[in-house]
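In the part that follows, the structures are each spelled out as structure tokens.
Same chain, two partners: chain A is paired with chain B first, then with chain C.
Up next is the complex of A and B:
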């Protein structure tokens, strides 16, 4: 029993070492080239900033309340969606497709590291620095401009926020990795990627906050993996205090389900490697 | 000029034939993009249901908005998709092969690539405009206006793309910068037009002409507003000429970073 535990611990430590090395390297790269941070910030302002401006106007027209939701809650919910998107986790699909199309996947599969693990760490490392900086600056800016809702001062807010962010990262990575792995069969995964990505965008509460969803759509957002990957947007709602345990449970279920799907797809894909380049 | 245009048509024809060779991928791209665009209709229709009619904008107008913006985006990205790759051409050195070509530089770059998914945008745009026409019980005058405004909207999209891509010559690796700049133009073209009022309407009409690509054409067709039509047309022409100036100025700044491959 002890040798098995020791072996598992070694494998785990190896994965962690690989991950920390990749993240360290990429974060240093991003710090060295601040232009990329500026571009991410600009992108955030272009999408989220304009949207918040429009919603502010729309809420003002409706006397500050739409569907029982205030602008303050809607603004934070949308901000959390866009801040999370700065991590660029969805990019993993395209990276996997590129590896497969170019033949790089053959080289990476021969290396003594797990290909999926390497790609996932790389993806997290790519957006981590921008995510941390933009989230921090965005939170301060938004707190000053629109204020902080009461729900964010609840004791459970920060611990549950950390949990749903981590689970959201895992679920997004597995979901988009599964899409990327389809490239072993259909090479051009763009159409599948668009459909999945837009479903995540709608059910995640990007342009339309979850609180404004009609009943059926809200249920679909809560119970589907697409909406579950963006539960971070639910954390500012008043119902969060009551619903957080159920939603964390849903996220855990989908994380496990997509982990199994991804591993099965990868096992099948390895047998199907078709190299077009080299 | 006619020689240049016939070359452009020939290049576009060859590009389409080349893309259509991979039939499954070609069709999947078209269908996928059409489904992808439907997402925006779902979002904004639910938005209208939640917040109600804002400044006369109904769910039908949202369909019209997406019709104009998707159709013009599709036309630009099918016939001039290569312009969107300018940043990559410049950073990789592939731009040299366009510089040494005896053809018009901009036309040569524009027709260097074809995007099959843009056909999906065109199909989606046409369907949306058809549905919009039916919903508003369109008149003959409105049909004429709609056709003219599709041209204006396409011109603005093309102008925005050229202007943004002119920044490729100013940065070492401009891909991320140009993407973000184009995003700044593109995002509001898909937004509910009624919520742009006052300062935001002014900014997104004259400084960043996003509303000309979708929201204002819908309002012009709906209200048959000739005053707005003149403003929109003038701004579109000014932006188009300005973008050509910016591109020419940018090309003058170009320094080859060729890796002795003359691109690929």
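Up next is the complex of A and C:
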């Protein structure tokens, strides 16, 4: 038993070392080229800022409350959605498609790594620097501009936020990886990606905070993997204190389900690898 | 150089894919399409000794890349057996990856925005080397391959020649026992090609690395590889020392003549001789040595032409290889 444990620990340490090297390398790459951070910041300010202004106006028309939710909660929920989206986890679908089309997948399959975990670490590394900088600056800016809701001062807020973000990262990666792997069968995954991505955006609260959804749609947002990948937006809601365990459970379920789906798809896909050239 | 690095027995690989049949409806095409099967590699067997330098050549679509990708564990064979350094590439892909290096000429594995040292460190970690080992190996490779002038430059600023050199160096970070190169000199100028070939010879000499190379460049084969395996239409056509390739397949010799008279109409040549070049200053005649000997050919030519100079030489390797390809037409 002990040799197995030792071997597992060694493999785990290898994965972590490679992962941290990928992230470290990509963060350096981003620091080298600060233009990317500026583009991300501008995108965040443009999209999130405009929506917040619109919401502020709508909430004011409705005496500061819509469907039992205040503007303060809606603003933070929306900010969390956009901050999470700066991680650009959705990009893994397109990266996988590019790897398959260009044949880069073959180069990576010659390396002593798992292609999937390599791509996932890479994707996290791609957006991490922008995510950290924008989140930090955004939190300070938003706290000054609109204030901090009481729900964020609850003791469970930070620990559950961390858990939900990590599970959200995993679920998003698995979900979008599964979409990307479809490129082994259908050359152009864009239509599938578009449907999945828009569903995630809608059910995740990109256009409208989930708290304002009609009942049926709210249920769909909670129980579907698309909405579950964005539960980070729920952490500021009044109901979070009583619902967090259920929602973490839903996330865990979808993470496991999509992990299995992704691994099965990849095992099938490996046999579909063909070659460019003769 | 007596241990087998690669052993391939009765290896085959087929690809099947759906094709659209315009005579049936789209529903049948979608749900029950016609399947076309292509045999890319058909029952080939060979082995490569440790430290050998082997050229694996063939025309486009011959099955070279498919074979190299089965040897590296990227593709699964349809049938047959492969052992690379005692491992089965399909089942032991990761284990094998620690022992082999790969360079695909048209695809880069380097990190484009960062200095070359970052790519070397990155791949060092990927191959599980300790930080100390990585530093030591980078120093060693840098000295061995004279990377000093560009090791700190971002990869995207390197010339193609420097980049290809860097590709090889990155693939050597973990001291592989075999290096597979798929058309590595594509797009390089003559100077870069020469330096690249020297580098490969150095690896082979200094680290006894087996070199398995596919290339369309005859220069790569001539100057690098002691043995050539020719594949065409998925089957193994020839497997022999590169020097013998020329000796065995020379069916023609060339004669360059500098005439001291000018011709408005060139005279007819006897059987077995044909013109390759007809100009005022130079005439090149090709001798089919299966029909006429060199001495006889020279005698007949000297009867026809008054010459200032004459030069007899072998057909180049490129022509020999072309002859081999053409003598194995499509099945």
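One rule holds for everything that comes next: the second predicted complex is superposed on the first by the 275 of 278 C-alpha atoms of A that agree within 3 Å, B and C clash if a C-alpha of one lies under 4 Å from a C-alpha of the other, contacts with A are read in each partner's own complex, and residues count from 1 in each chain.
Here is the rule we use: a residue touches a chain if its C-beta (ideal position, glycine included) is under 8 Å from a C-beta of that chain, and two chains touch if they have at least 3 such contacts.
All values reported here derive from a predicted model rather than from experimental measurement.
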item	value
Superposition on chain A - do chain B and chain C clash or fit	fit
First, second, both or neither for A:102, with chain B first and chain C second	second
Apex chain A: angle to the C-alpha centres of chain B and chain C, given in degrees as a multiple of 10	80
Which superposed partner A:117 touches (first chain B, second chain C, both, neither)	neither
Greater chain A contact set [chain C / chain B]	B
Touched partner set for A:273, first chain B, second chain C, both or neither	second
Partner chain in contact with A:25 - chain B first, chain C second, else both or neither	second
First, second, both or neither for A:192, with chain B first and chain C second	first
First, second, both or neither for A:224, with chain B first and chain C second	neither
Partner chain(s) touched by A:70 [first = chain B, second = chain C, both, neither]	neither
Smallest distance from any CA atom of chain C to any CA atom of chain B, in Å, after fitting	9
Set of chain A residues, in rising order, touched by both chain B and chain C	none
Residue ranges of chain C in contact with chain A within the complex	15, 40, 58-66, 69, 72-76, 93-95, 97-98, 100, 102, 104, 107, 109, 111, 113-114, 118, 121-122, 125-128, 182-183
Residue numbers on chain A that touch chain C, as the complex places them	14, 17-18, 21-22, 25, 28-29, 32-33, 102-104, 106-107, 109-113, 270-271, 273-278
Of all residues in chain A, those that touch chain B in their complex	35-36, 39, 42-43, 46-47, 50-51, 53-55, 57-58, 61-62, 66-67, 186-188, 190-192, 194-195, 197-199, 201-202, 206-208, 212-214, 217
Complex contact set, residues of chain B against chain A	22, 25, 28-29, 31-33, 35-36, 39, 42-44, 46-47, 49-52, 54, 117, 171, 176-177, 179-181, 183-184, 187-188, 191-192, 195-197, 200
